[in-house]
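Across the two complexes that follow, chain A remains constant while its partner is chain B and subsequently chain C.
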Partner chain A sequence: MAASILRRSLLAPRCRAGDVAALHSGPSRRRAQAPGPIASGRRMGKSPAGERSVAPWVAVVGLEIHAQISSNSKLFSGSQVQFAAPPNSLVSFFDASLPGTLPALNRRCVEAAVMTGLALNCSINKKSLFDRKHYFYADLPAGYQITQQRLPVAVNGSLSYSLCVGGKKNQMVTRTVRIKQIQLEQDSGKSLHDDTRSQTLIDLNRAGVGLMEVVMEPDMSSGEEAAAAVRELQLILQTLGSSQAIMAEGQLRVDANVSVHHPGEALGVRTEVKNINSARFLARAIDYEIQRQIKELENGGTVINETRAFDYKLGCTIPMRDKEGKQDYRFMPEPNLPPLILCDNKSLPANTNHQHVVNIDWIRERLPDLPSVRRVKLVEQYGILPEHSFTLLNEDGLMEFFENVVRQTQMNPKKVIGWILNVMLGYLKQHNLTVQESPVSSLFLADLLNLLERGTISSSAAKQVLEELWKAEGKTPLQIVEEKKLELIQDQQELEQICQAVVEGHQEEVMEIKKGNPKVLNKLIGLVQRTTRGRADPVLVKQILEKRLSQ
Partner chain B sequence: MRKCRGGRMWSLRFGRYLRGARSGGASYWGGLFPGRRFTQAASGGNAAGDPRRRGRVYQNPTWQHVEQRPLPEKKVTVEVLDHLERLALVDFRNWEGVQRLEKAIQFADQLHAVNTEGVEPMDSVLEDRCLYLREDNITEGNCTEELLQNARETVEEYFVAPPGNIPLPKLEERDTFLQVSE
Partner chain C sequence: MLRVSLREISAALKEGRVSPTELCQRCLSFIKATKFLNAYITVAEETALKQAEESEERYRRGQILGDLDGIPVAVKDNFSTAGIETTCASNMLKGYIPPYNATVVKKLLDQGAVLLGKTNLDEFAMGSGSTDGIFGPVRNPWSYSRQYREKSVHNSHTENEDSNWLVTGGSSGGSAAAVSSFTCFAALGSDTGGSTRNPAAHCGVVGLKPTYGLISRHGLIPLVNSMDVPGILTRCVDDAAIVLGVLAGHDPKDSTTVQDPFKPFELTNFIDASKLCIGIPKEYHAPGLSSETLALWSKAADLFENAGAKVIEVSLPHTRYSIICYHVLCTAEVASNMARFDGLEYGHRSSMDKSTEVMYAATRREGFNDVVRGRILSGNYFLLKQNYETYFIKAQKVRRLIANDFVNVFRSGIDVLLTPTTLSDTIPYVEFIKEDNRTRSAQDDIFTQAANMAGLPAITVPTALSEKGLPIGLQFIGRAFQEQQLLTVAKWFEKQVKFPMIQLQGLMDHSHTVCQHQKSAFFS
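Take a look at the complex of A and B:
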């Protein structure tokens, strides 16, 4: 199985959409426990020219994540930060790099960076320095970007994330990736390429917006792990409020550095994959790049240290134009900015207002609960499984929905979670809606579950009601139940009469059961259900029938 | 946002902080760095003797002449010149320009004569000043027309640029590289 996938991928030189699925599922199926080696070799059929290596390949993936800081104004100037605005309307003279302008650092951005550093277990540098990184591009009007290369704000942290492994994806493991540093830097403007008129249109609304660059050590070895780590970081940033981290709006940009090597040997040449704008594409892009490099090396070629872009339509990475080899950025200290000094409770001078200086301990006290802590609390409070709490937090707004339902219903949370994760989430995914767009409110779902819990309706009837509710015609669950007459028959007498009628009408089946074929009982139950149009409680019906037949 | 008029940005920033300190009261570093006393150092005046007490300007020269000969003479190669021209878009134009560059490098190499063992490098002359943190308020923007006035070509409020970086032609093809001076 693995061999045929390899053969297909090796013999197909151009990437096709169908191959991507094979390429993506290949490694994860072959690997029993990640991060295991990707087995190559043992190919049947003809192999292309090149050595027949049986040694496993190990991929090394490192990420550089740029998160746009959620603030009112930009990092060094007082212009507004807004996603969609008329071009060049949110630009100050400093952002346009007109001569004679100077940067003035935004305190909110420093606080956001410190919060993120504390949440990722980093040590915060009390003194950090700003540098200039020089390169020429039309969307960088100054010709340099102010960043922190020598001494960033936070260093040496860690990020723990969970992912599902195993054949059926039901085993959750926790991995950790080390954070090398978190630094503050400026964003560049936006360029729109107009190839018909051979020009580029520059919009500087985004130039100068504060970014947090999170540099991770290359501890990951697959696209899946990278996607899980990015998702966890996204949740942390959204919980802290330091960034809204919406990848679709470009507030979270990920660049992946991918290389492959044999375990025990030196690290291979790495390539950088840019232009990934969703978490789904991240996993695919990295996996494609790993396979491409393995293929290249097995065919006797070499991997060039280059920058590649991910084309999501074709599902493959292509070399980027306009990137000339290895850049020399000529880093120099930013002369207009003295060192950034942060204090904590010990070094805080007396009589200073907390608004003039950034106090690390003050921020640490006010950190909200991180996602990992919230998951543990959910498990403790409601008795649900860790996998469930993972899914709850993963979907935007699902946890609040779940808690609202639990609050308004008498049903056990362990049963509610089944309804939420299996039924509701299934419907939402089917119709491609977010939790906020759900046509069924938490109140209605709670009412429905109450009806079910009290025994007013059966579980299959409940599913019918939910389907009706999904149409969002404004009817409450009770109204739908009454309209469609879905209530369970409460009257014992009526049920016994119906069972009696069925038993009398089907004497052959009764004979079969008495002979010792109990499965025919199900047919009788089915007949009762048909007569009552699904309004009989199957357990009760079975009891009555068995009592009748044993007489 | 501070706009400075004139070339001496440093003294302007110094001046503001100086004024702040003299007015007392609401200065940030009233108690921030208790070890250092900020003296009115701009006026040199009678600063003989202890510079800490009477000002930062020394009366007598303290620098020494450095012998040029022991310093290594570095020649700048053509590859380095090409690399610099590509990176910084400077045009050395002719051999006189290159010689000026070499003299400048030699001048800066005098720093190697100083023993800097165990001394922390200085990043900024403002190293004992606090970096001013401003509030997260919107104070600028909405000057699209003024900004676009500077551009030669605009399309619907966008700046227009060529489709990508136009790289410098290769060394052999450049005709302005290192012309012989007249």
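Take a look at the complex of A and C:
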């Protein structure tokens, strides 16, 4: 069960059979090597395009990810940043582009970008520049977006991510995607189109919120890889606190560049898939697009360089109406912002007011443990499996919960992890709850596991106690055990009598066992447990039964 | 009383010889009397009187806010003023009332200054005549001066006297006319390529363009962000120094202002000219420079030399490329800055609403005049991907060379450069409009825009009257952030040349609306 949860949460949903199920990507490889081949779904039966179609297709996927910076105020103005505030309630004069207003860079946003850059192994540019990108759109009040086109704040990084491969998805491999750059830029407002009244309503609350655009090189070759990379990025951002990175709230928005080609040939024409606003659909959108391009090409068609939107209801990508063809953004240096200068310990000018400088080394020294480091530590410290460490980090707060339980119980962490991942997480998922919302606290779970560990109750009794605990009536595990009389039967004689009764009542099974089918013994053990409502020590019961049967 | 300097009227206020309310009322009546000059777009009579009353109360309590307390000032109508319409002389912003004050306006008001109103300009400050705004051209007060009238009588007996009125220069013509005609004691202009210095020279007042980064641009509706500087127009150099002291300093709302604290200064009366080194850039002997201005320029150089200063001919070799580069950079930034005027958040919105795009197009066609639209068009052309390198990048590189020319000259030991401000004295409106806005701007900014390209401080000082009886100014360009040195030299020069005061009897004759008793009051 743990493994299936792991897969579900770490990776986007599995591909549809026959469509992209064959879209695996071989063993772990470096980016310099050719990506693994892809068999197209159609090719299995017939081969309409002749010999060419025999050559496998490879897909090339690059990502542009916009992460909203977690900050109190916007990138260039003092307006508050808040999700789901009343429309146009968080708009400064600058955000509404009132004439004469000027941008003033938010230090926190710069620090968030530097932090993110360092976490993604980027070189941080000590000097970066801001540019204006021009286009007319109703939710872009100034007619241009301030971004970092020429010289972004961070460049040349990398991100390692892991995913499950192999037929049974039980093999973890680690891959790396290069990060081209991270740039600071403004978010736009939101347009709400009211088709019936043919009106567009504009909400500028989001206008001017700080974004980090993370540009990933086309080092991926499937939706699954892209989804795993995005998930890892999301975890890193959340660990750093540089972005809350909640996709459902639009804090993490992914555009994918997708193309297919035959190995050894030039890269194919790429399309850009936009509007992927949910982790669930990320892999599906990319895999659909890969298959669509393959089909298009195998049918003798061509792929055109266009922007496509993923329609999550239909599960496919559709061309977006381009705004009057190719845009010329007429980039220009932003004249109202001097170059963004960062320093490090070496270049830190003497007697500077620390409010006026951002020190890269200072930020580097204070970086928290990144998810990859935390996973290694979890495996080393508690002896749990690597895939368990992934699950612990993937669920917000689960690692802390686990560590709290371990701290408060005598049970071996390797056993604790089973209770956490199989029993507790299973329950939470089933009831659509987050770890924070768990009705059972880490303390109560630890108490319960202690009762189990000390031999006060059996594990099946422990599960019964847990059932009570979910109700969150405030009773401690011990209270529940006492009330329900779930303690293990300590009286050997009593247990012997019960076993005797079971043996006598089930002569057929006894005969089976005697004939040499020891598996039936488990049935007898189960019967004893039923009689005792799980209060019998299974090891003891087995011993007693075996003794009786051998007589 | 209105003809005295800011410093003198400040003393009079402090001594109780005049009250802020009285002073404000006099200025307001005089603004009405000179309405035909078209210097003001908006007269904020009510708020001005209220501010004057508050100032009066402070004087009564002996708690004045500073040297500007109770002093009537005017502000160019491209500075945002909270609660007062700010139009940029454009249909696009007609009726637009900003919800905030520009930093410079706030600083004036915080010092107790009385804001009389908003002055006329070319639409969005694009022009050099103050002739191309929707509220019509500004008339130069010197058109009605005794000095000009007496000389022009012989030349044009037959012509209708009213058709002969002169342009103020621009684009801050309203502010220059307001200071020149004594309706206020100081005015704010903006200076992108000479827009403060040009009209100051033509109207016979002092026009200061401070170093880029010394004064906040927050609230100034931009023309070219990388060159715009709020300008100061006053009747004398001392007054300019006082206003500069109030306005200068870092503003967290303008990231391009310098962090270093600015210390207001008073100008000394005596300087040791023998320690001065004045540079005369030879490239400023430009075609079209009037012989009169040339003669005055060389006379001014002699003046310094005779006082013991070193006067050296210097070279600014890239000067001749300056105006064309200015044009490219200016239009590119204009194209970008004007993008926000789309009719959605504020300002004019066309009633054509078939689609958002149709609304944008109609709004911008109806809202902007030909000059603005022309600059947007060429600016966008220069910014196109295929042209960016050839035009914008190249212009930026040449801009650097121009700035370096100045660096080299100042490094060689020059303290201040002395140049003409304009090619000649001003001309009648009917002459001026024979050439289009672009041609005029290229001619009129010729000596001024280089200081903007290099970000340097520059000041024009009224020097003498031409044969026609019209003012001619000369320009001093200083080292970056060396305003004190620049203004000290300018003040010394001002003292030597003894520029005559404008004789406005002619103006009063022209004003038919003014009652007899008021008239006597003004000139008592």
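Here is the rule we go by: the second predicted complex is superposed on the first by the 454 of 551 C-alpha atoms of A that agree within 3 Å, B and C clash if a C-alpha of one lies under 4 Å from a C-alpha of the other, contacts with A are read in each partner's own complex, and residues count from 1 in each chain.
To be clear about the criterion, a residue touches a chain if its C-beta (ideal position, glycine included) is under 8 Å from a C-beta of that chain, and two chains touch if they have at least 3 such contacts.
Not measured: the values here are computed from a predicted model.
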{"item": "Room on chain A for both chain B and chain C (clash or fit)", "value": "clash"}
{"item": "Which of chain B and chain C A:356 touches, first, second, both or neither", "value": "both"}
{"item": "Partner chain(s) touched by A:142 [first = chain B, second = chain C, both, neither]", "value": "second"}
{"item": "Partner chain in contact with A:335 - chain B first, chain C second, else both or neither", "value": "both"}
{"item": "Chain touching more of chain A, residue-wise (chain B, chain C)", "value": "B"}
{"item": "Partner chain(s) touched by A:132 [first = chain B, second = chain C, both, neither]", "value": "second"}
{"item": "First (chain B), second (chain C), both or neither touched by A:97", "value": "second"}
{"item": "Chain B versus chain C as contact partner of A:202, first or second or both or neither", "value": "both"}
{"item": "Partner chain in contact with A:299 - chain B first, chain C second, else both or neither", "value": "neither"}
{"item": "Partner chain(s) touched by A:543 [first = chain B, second = chain C, both, neither]", "value": "neither"}
{"item": "Clashing chain C stretch [against chain B; choices 474-482, 492-500 or 510-518]", "value": "474-482"}
{"item": "Touching both chain C and chain B, counted on chain A across the two superposed complexes", "value": "93, 96, 98, 100-102, 104-105, 134, 136, 138, 200, 202, 328, 330, 335-338, 356"}
{"item": "Chain C contact footprint on chain A (complex, rising order)", "value": "93, 96-105, 132, 134, 136, 138, 141-144, 200, 202, 328, 330-332, 335-338, 356"}
{"item": "Chain C residues within the chain A interface of the complex", "value": "79-80, 86, 88, 93, 96, 98-100, 102, 217-222, 224-226, 252-256, 259, 332-333, 335-336, 338-342, 344-346, 356-357, 360, 380, 383-385, 388, 392"}
{"item": "Chain A-touching residues of chain B, taken from the complex the two chains share", "value": "1-5, 9, 13, 28, 30-34, 83, 87-89, 123-124, 126-127, 129-144, 147-148, 150, 155-165, 167"}
{"item": "Chain A to chain B touching residues, read off their complex", "value": "71-73, 77-80, 86-94, 96, 98, 100-102, 104-110, 129, 134, 136-138, 191-195, 198-204, 321-322, 324, 328, 330, 333, 335-341, 349-352, 355-358"}
